[in-house]
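What follows is a pair of complexes built around chain A, which joins chain B in one and chain C in the other.
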Partner chain A sequence: MSDKAHAQSGVRYGMAIDLDKCTGCMACSVACQAENNISFRPDESNKLRSITWMEVYLLDNKKDYPDYQFTYLPRPCMHCDAPHHSPCTFVCPVNATTRDEHNGIVTHIYPRCIGCRYCIVACPYHARDFNWWDPKWPKSMEAMLSPEVSPRMRGVVEKCTFCHHRMLKARSKAYNEGSDPDQITYVPACAEACPTGAIKFGNLHDPQSEVAKLAKDPRAFRILAKLHTEPKVFYLSKYQWVHKLSDNGLGEAAH
Partner chain B sequence: MKENKSGGSGSTLGIIAFFAGLIVSLVVGWVVFPNLLYSQKTQPMNFSHVAHQDTSCEDCHVFRDDGTYGGVPKLAKCKECHESQMGQTKDEQLLVEEYVQKDREIPWKIYAYQPDNVYFSHAAHKGKVECVQCHRDVVKEEKTPVYFENKLTGYSKQTMKMDECEKCHADKGGSNNCEICHK
Partner chain C sequence: MDKALIPDGLKRCPLPVFSLWLLVLLGIIGWGVYAGVVVLLDALNVTGLNDYFGFGFYITIDLAIIALGAGAFFSGFLYYGLSRYFPALKELHKIINLAVIVGFVCYTGALAVLLLEIGQPLRGWFGYWHANVHSMLTEVIFCISCYAIVLVIEYVPIILENRKLDAIKPLHVFGHTLHELMAIFALTGTFLSFFHQGSLGGVAGVLFARPFAYRTGFFVWPWTFFLFILSAIASGPAFTALICRAIEKVTRKKLVDDSVYELIAKIVGRLLLVYIVLKIADTLYWALVLAPEFGLKLTDFYRAPYGMWLLVTEILICGVIPAIVLNVPGARKSSTILFLAFFMDCAGIVINRFVMTIQALATPVMPFDRWEVYVPTMYEWAPGIAMLAYCALVISLSYRYLPVFPREKELNP
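Coming up: the complex of A and B.
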């Protein structure tokens, strides 16, 4: 990697998820599964044991009625923006996962991945999954697979890509129209599917973008912010217990 | 002396053996193996680019509005002119009888077909790279060339290799990040 690769440009794709708007319907998760050709197993009752790029967690404040409160938390890949490396790209021995310093997207190249799973261990957000089995779909579903995303083989790691194939298509369109491909905006499948508009996506470096404004909202927080992984996925919640939970006790330990 | 003599003839023999071995390995590597590795396939019919010089390239090879590239035209494009036979050639007869009348798409073999995990945008390269830098020059082409299919991978021999993409991107200041070309 040259020094040039670390120079940041004007584009930084990020996401803002409003937990106060999230109803936990999991449309984002389903849309992601369909968009990215994620295969499934006969028993999908335990999502922690299957491949899900957009995981939806149920959090509660551990109090009894009438103080009981809960919230849902959709979790894509955070596309960590820590200087030089994300936790996963730092440990990859074969450079299969790298961060594009031009737009901040952390990518994973499946044929290069050797399946060592260091990145899964390194990721503080459990955003990565390992393909223990060959991807399989019922015969009748094969025609529904998206040609925009290549399916992953057994033995490699995969994760959310911020639907970068949609970015490539949008860039292609911009090239064809003669406009600046770096000025494009696109919408990932999860944000498109969200019925309440809880998921917003855009360029964090563009002060006019909705996602940049939401990132500066007083309700905004990032998960495990104290680890300084600099996630590019921001969450919004009006509840302090949610903010506190996002630290996972790191805040208390520091005091 | 005795030792020297036998050493001398031994080394001559050694040199001959070395060159014989070298020639055998070169023949195996340059001729035998490639012939074994690639099966030669012909297109479903001959397409003469010369015979279509009355149209411009962009008449058939078009960009769609969403920025994607049409590539090899579909049967509907051929139908615009070849609804019924225009000339005398056997290939055109084949086109009309087997494909146009039966409304079957022509199963062209694509010389530049890329693997499943590659994303290539023609729009991004338009005006920056000449077509013939990556594709064969078809201006004077009367006969479609043989299609070489790699028996192990199933890919075309003529397709662009990744190191060529990388080299040009590095030279011209394009991004060499994985996700720019891979999906």
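Coming up: the complex of A and C.
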């Protein structure tokens, strides 16, 4: 595989999630579900088949009381920035999922996806979900669907898009107002909904942005850094055991 | 009743017995078709697949059957390509028709199952239209469909040798012309097959975020690319030989000379030896260098039911042992040992394809992930078993009505 990276623009959207602030209220997950017209079924007990773009994990330090500690870890798509390709975009036979090199967002073209699930297999973060059923909403909810996000059909894969419809809207606005669309900032639904402000979003390439500063914080880490997937989602925690759970072979807590 | 269709001078079982056999096979195929239709209409939620196991039984059986079907292209390559330099390979002429038929059924069967595997089967053609040249799956889609066409072209002249069809002049001329061109098709098939056998290995090997499957490699091809080619050519001819022996047992006839089995054993034995040495080297490099780079140990990859026993069975029992047996002339002499070695060889390759598909996904990657177990449902078993029944059906019909084995008459006076 070639290590040559694609030329990148000045914009690289990324996220920083402060686990020390996260209360596990799941507002991010719910907001994402509503914003992105994510379908659900009357029985969602099979978690291996439910569609959740923003999954919230419960981690603990595997110790007994009184040393027991736990944390919640919200996991969107990492919009992996590995040189050349993300693990998932690289494998798609029909170019249905690609990384927009203008802003680093990994997108998905639903009407082109053939549903081979090779991208699901390639993603180590389980960020991708397949539509095992036809999407259906209770009648009373149909009026609440967002007209800005197309619902997905059965048989295709979907995942977090960093709410790129919000980005497109902000870019159009900037364009119409005569300002530089590349300078826009926008907030995805999860970050907007988080009551404790644990989720920050912005341009990682802008050294002044909050997210770029948080990414350099001593508390910051990324999940599975050793795989060189180069996730654009950073986590913050003051607990070493949480850091150790972020990658394999980092210590006892990892097992 | 169907005597006029049976090749001249050859004996076949009575039609009612044959019909009964066909009926059983058709019953199984019907069951598989029913399951397939349910999958197409009701979606993949009827299978055991989920977001953890994006690939499952369908992909495993496809990978396995395509590897075992490699006897067609490899025998063709040896016979049409190399026999002028190594006359001993001319012996393969006696089994080449069967190799083509086995290849044909394996590939067409695999393509049918592949159709069920994708969530949007009607978009299957997007693979050609929106092809992503970086994807190993694109290489697979192109090469397998092209090679399936080559196999059809190779199979047609065998069909046209049927007594009744051969009597029709234009068909006779057409079949004869195709025969003349067979070397070109065989070599085209060889080229395509090397690529798709390899890219099937590449499908797993390029997954750089899946430490179980990922391998470094040469240029754009991971080592699994080369290992899959080698393992396919080291097992495909053995599978053809096993099928041939099965037909011999069922029909209680001798269909090819023992020298053919002996030749296949020698070829397969050497290839399997090379393969297993490289596979062991690959496994050691993976366990001692690659995995530690990702912070993992070999033992992290194995847990019941996907335990170390899989590694031992694949490499030691079904790899090293048949590789040794097939390289010992004395052992090859005993037909029981010979065919057992062929069987173990094929079983080892099937386990390899299973491991590279299902176990690769069962192994957690994030430290806080869980091990999951995949259990296929009837809607996966049925099309898979039906595909095998389809293979048996085409082979049975071909054996009955076509002169598949050129030496059958002499060997059964």
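Criterion: the second predicted complex is superposed on the first by the 240 of 255 C-alpha atoms of A that agree within 3 Å, B and C clash if a C-alpha of one lies under 4 Å from a C-alpha of the other, contacts with A are read in each partner's own complex, and residues count from 1 in each chain.
Operating definition for what follows: contacts are C-beta pairs under 8 Å (C-beta built on N, C-alpha and C of every residue); 3 or more make two chains touch, one makes a residue touch a chain.
All values derive from a computational prediction rather than experimental measurement.
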item	value
Fit-or-clash call for chain B and chain C when the two complexes are aligned on chain A	fit
Touching partner for A:L250 - first (chain B), second (chain C), both, neither	second
First, second, both or neither for A:M144, with chain B first and chain C second	neither
Partner chain in contact with A:G155 - chain B first, chain C second, else both or neither	second
Partner chain(s) touched by A:Y57 [first = chain B, second = chain C, both, neither]	second
Chain B versus chain C as contact partner of A:V94, first or second or both or neither	second
Smallest distance from any CA atom of chain C to any CA atom of chain B, in Å, after fitting	13
Set intersection of chain A contacts, chain C complex versus chain B complex	none
In the complex with chain A, residue positions of chain B that touch it	63, 66-68, 116-117, 119, 121, 123-124, 126, 175, 177-180, 182-183
Partner chain A, residues of chain C touching it in the complex	43-45, 49-52, 54-55, 117-120, 123-124, 126-127, 129-132, 134-138, 141, 203, 206-211, 220, 292-297, 300, 360-361, 365-369, 372
Chain C-touching residues of chain A, taken from the complex the two chains share	1-2, 46, 48-49, 57, 59, 73, 80, 82, 85, 87, 90-96, 112-118, 120-126, 128-134, 153-157, 223-224, 226-229, 244-250, 254-255
Of all residues in chain A, those that touch chain B in their complex	98, 100-102, 105, 107, 109-111, 148-151, 161, 164-165, 168-169, 171-177, 181
